[in-house]
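Reading through the structure tokens given below for one structure.
Read from first to last, the chains carry the letters A, B and C; within each, the first residue is number 1.
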Amino acid sequence: MSEQLRQQIYQELDSLVLIDPHTHINQLAPASTTLADILGYHYYTELAHSAGLARDQIEEEGIEPREKVARLMTQMGPLSNTIQYSWFLEMAQQLFGFEGTIIDQGNWESVYDAAAEKMAAPDWAEQVLRQSKLEAVFLTNDFDDPLEGFDTGVYIPCLRTDDLVFKLAEPSVRMRLEQATDCVLTDVASLRQSLSALFDHFTAHQARACAISLPPDFSPRRVSEGRAETALAALLAQEAGADASHLQSIGQFVFWTLAELCDQHQLPFDLMIGVNRGVYPGGVYQGQDLYDSRVSLIQYEELFNAFPAVTFPISVLASVTNQELTSYAWIFPNVVTNGHWWYSNTPTFIEHDAAARLEAVPRTKQIGYYSDMYKLEFALPKFNMYKRILSKILAERFVVDRRWSEEDAVDLGKQVLRGNVERIFNVGGGE
Amino acid sequence: MSEQLRQQIYQELDSLVLIDPHTHINQLAPASTTLADILGYHYYTELAHSAGLARDQIEEEGIEPREKVARLMTQMGPLSNTIQYSWFLEMAQQLFGFEGTIIDQGNWESVYDAAAEKMAAPDWAEQVLRQSKLEAVFLTNDFDDPLEGFDTGVYIPCLRTDDLVFKLAEPSVRMRLEQATDCVLTDVASLRQSLSALFDHFTAHQARACAISLPPDFSPRRVSEGRAETALAALLAQEAGADASHLQSIGQFVFWTLAELCDQHQLPFDLMIGVNRGVYPGGVYQGQDLYDSRVSLIQYEELFNAFPAVTFPISVLASVTNQELTSYAWIFPNVVTNGHWWYSNTPTFIEHDAAARLEAVPRTKQIGYYSDMYKLEFALPKFNMYKRILSKILAERFVVDRRWSEEDAVDLGKQVLRGNVERIFNVGGGE
Amino acid sequence: MSEQLRQQIYQELDSLVLIDPHTHINQLAPASTTLADILGYHYYTELAHSAGLARDQIEEEGIEPREKVARLMTQMGPLSNTIQYSWFLEMAQQLFGFEGTIIDQGNWESVYDAAAEKMAAPDWAEQVLRQSKLEAVFLTNDFDDPLEGFDTGVYIPCLRTDDLVFKLAEPSVRMRLEQATDCVLTDVASLRQSLSALFDHFTAHQARACAISLPPDFSPRRVSEGRAETALAALLAQEAGADASHLQSIGQFVFWTLAELCDQHQLPFDLMIGVNRGVYPGGVYQGQDLYDSRVSLIQYEELFNAFPAVTFPISVLASVTNQELTSYAWIFPNVVTNGHWWYSNTPTFIEHDAAARLEAVPRTKQIGYYSDMYKLEFALPKFNMYKRILSKILAERFVVDRRWSEEDAVDLGKQVLRGNVERIFNVGGGE
């Protein structure tokens, strides 16, 4: 019974047209041009490296796309169990017309060629969006992105702020900020002014969120104006050589100011909590980050209390933090659960984490999924994975365990997949 | 096969008459008088607030019960996915004769009226107990409760001690202690004498447990008499203004003395570990507490070793602590697993946590469930939820996976539901 | 469908002949001589003690094996739910010819006698290996084990190093080291020389791994030669009375040197992370250890980066650390997941942890299971438990959820059960 039920629910959920609320798409080159764009995604390069392929083989300067794929394919066998490999396979089947069930060293070239031909179509990005049933995707824009030359109804700007909070001591970051805002950074007033200018720029270009990823030891605090002034002076004078306490204070100040600006501009502030950067410096590009799972949302107590009018869609990197997220979203009106991030974006963790949320957090406060993709082709297999798991949970835990009707279960699924994205970010049909 | 099996096991478990080993029932007003008593439970008010209802709407002074329910019902839609809503629905169906499958703004008034009529019966509390198959429930009594005017065979006293450990610096708490024990608090000897008097009073009134909830950073330590004397002097002189180290020492001293008194009076000491109070001060009544899940039972090492003759039924707030609880109960003879507390009292966590316990902790050392209820009507749906999950675990993990007979599985379920409660707390048929 | 499928996959996996990559077998007395060797395993003595049997009853000096079993059997009823009891039962059924489904006070003597008769056979150890489909087992040898008088093709040496890292301050440990290596310990050079001699000795006797168990607060660090010299001098002068910082530094130095020697000798270094020793000193032998689950693999960041050529098969004690292990093995080429250790070696945790690994870690980097046994009879029921769970995961999560063929699923199972053990440790058919 249950398997057929899952299938039926899946079909219903799969009929939805979606908005993807968090991606790393480059709006000016949203889709892939060869399979190297697909297998160059860090999920494959890092796994291939983990399985034995040397970094310099993967990242050799000037390597041809076909050669890069050839090298990565030598390590696909060891990855064939992973859910990441299954994304690749499903993508090839659905988007490139591949009809087999395994892509290996014997047949990858035909997939490469078929993909290249498809990708050469001038409207390939639109084809992918249409086939993936995607109406729009959120971007992750650098703070100095001009946000011009694309349709912000399809590619929705989102202000990414990691550099501002954690790298303001770097001259290049401050220079980018000054150039983007036409404002010289000399004191706290000018810093606040330039941050404010960024929000003006982004909201003028239909940005619908501010976002940041945070290390496990970060704990937001309101910093006094005087403390911030001292810290900024030290930072301007000594840059990265300034005392760590100053760097920390200025990071805290910028973060808090961003929250204030989200409040003023009614922008949700996406917090992605728990990543340690550069844990494995010998790893491939974007394959160096890991985490310390000893993090708690209690670190965000002051923030959640200080900004009752700001919505915080929260992603946690480790599944062990998911119960806290569930509980904090159950208690704090401004905390919303947001997708399944990175190392928790695999079926066992998604199933456990999503089930816990679905039974304890108000249904209006759950953003089911985002793809986190760099190229449009990934939305289809990633969302399909999530929809299958969601269907399993709805079938087993709602229809069977709690005797819900299939219709009610489907409605719940649709709400976390689409309805809440519209309402929380003020996009799509909800406008 | 498995679904029918679950159902059969559930029927068997559901035939048991139970004793609820932890509730917050007011023995002088155990049942509800209107639906406002039901929906006024913090599980609903906090979720409704989280979903968007302002606190002053919920807690307006002098609001009529029907109006309060009307306001809360405006937010029931967003909660319809929650297991808490399902308790409400099942209660209405089983206790108030409601025949639908959804209670919303269109029909709640008829449920309100039906409930009010039922609740008006002079023997309503007894009806609820009977229909819920409850023989007795444990209370959570303030230390100065006179414990008079009720049947302690049905409403079993339990000495709650949070105020003594954490709030002795408050004059009102000390005054209540002095009045309850007729003993002036001047030094450690008088403090010990008054605590001892509380135990005499409670055990004279058939108390069967001492209980306390503890924050994640609490770690019991034996405090020397001299240290306690200094700390108490500071506390008496400066009250809440005393140095934090003094407040901590006196808390430690009181806690340790309570354990000594449990030892002398052969009372189990229920420890409910992991709550941070007042994390969201803007929340509704009883809807302000959350937690930091970074807590370990290693903090209780000294305590468990020091009191081998005291049984510690332990509840943990976060599911990530459940494996430690399982392991500590597997090793320490005096550690017993106790129910599924608060933020872990939802199906996904119960299923994972109970399964782990059932396969690794001696069957005699597991208290399956308690309702934690404030009004009698909640025992029925909460215990039913647990019994369904327990049936699922027994069916899937014992009968199917381990090839147990259905009878053996049912026996195990009955033992954790009832038998162990009798033996561990020395109540019911076991006496 | 799924239950039959599980069964089919199980049959395929069960046809494999295995190598057990971690046990505590005494190569000179590998099998049991009476049931007291079986029930004397700490998994039974500690549970029986936890359920109420006094330690001095279990550990009475000079007690006869039959009497010891008689006493333990008085507490088997309370343990009948545990997976540990099921190991005992399955072992009796498969190895001793027991035909019932319960062993209790009424019939244990016949099992005792049947077992004794079987165990009396001169080739009992070989019988057990054959019946358990075991080709070889890894040992856990003290560093001063002469490693003589046995077939290292069946009993594969493994250098256990806890004493060297954590107990070098004990004169008896240093004396054993000096005698084993014929090298007087006076300074860092001689310490390094003696450690090197151990590796020469072990690799000359076909050792295939170095291993250590580590407390949750251990964090490997490279220690300078000068710092180590100072620390060692203090340790030699003051022994356990030396300052804690010296003891810690020398432990760090020895650990790091072991990793260097693993590098030179191409030996994998098994890390078993997370145990606190002696938490319950009143417990039975080997039943006193527990843990603080607040540990992170970030503590091993420096180590993993410093030794890219050393393979680290890693076991974690707590299931809450399993996602970190999964992620670190996904990123670091030299990190391999290793079995399900101790308090995580029960079905609910194995199922959750193994599923997460199987879908995110390269299939070549997962060692499915080891028995951790002290007597050969335990491999059969423990591996069977794992194979059943593995079959369940493969059936439900690969064949059903991801539409794999049964053959592919079986291949994945075989690889984590056997193929990876051969390749990673350079043993068996892979040589």
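Definition applied: a contact is a pair of C-beta atoms (placed from the backbone, for glycine too) under 8 Å apart; a residue touches a chain by one contact, two chains touch by 3 or more.
Since the model is a prediction, treat every value here as computed from it, not as a measurement.
For the two copies, chain A and chain B, the CA superposition rotation is 120 degrees, given to the nearest 5. Where chain A touches chain C, under half of the residue numbers in use are shared by the two copies, so each contributes mostly different positions.
Centres computed as Cα averages put chain A at a distance of 39 Å from chain C. Shared interface positions of chain B, defined as residues touching 2 or more other chains, are 294, 320, 352.
Chain C makes touch with chain A in their complex at residues 1, 294, 296-298, 301, 304-305, 308, 320-321, 323-324, 326-333, 352, 355-356, 358-365, 397, 400-402, 405, 412.
Chain B makes touch with chain A in their complex at residues 3, 46-47, 49-52, 75, 78-84, 86, 101, 276, 279-283, 287-288, 290-294, 318-320, 343-344, 346-349, 352, 388, 392.
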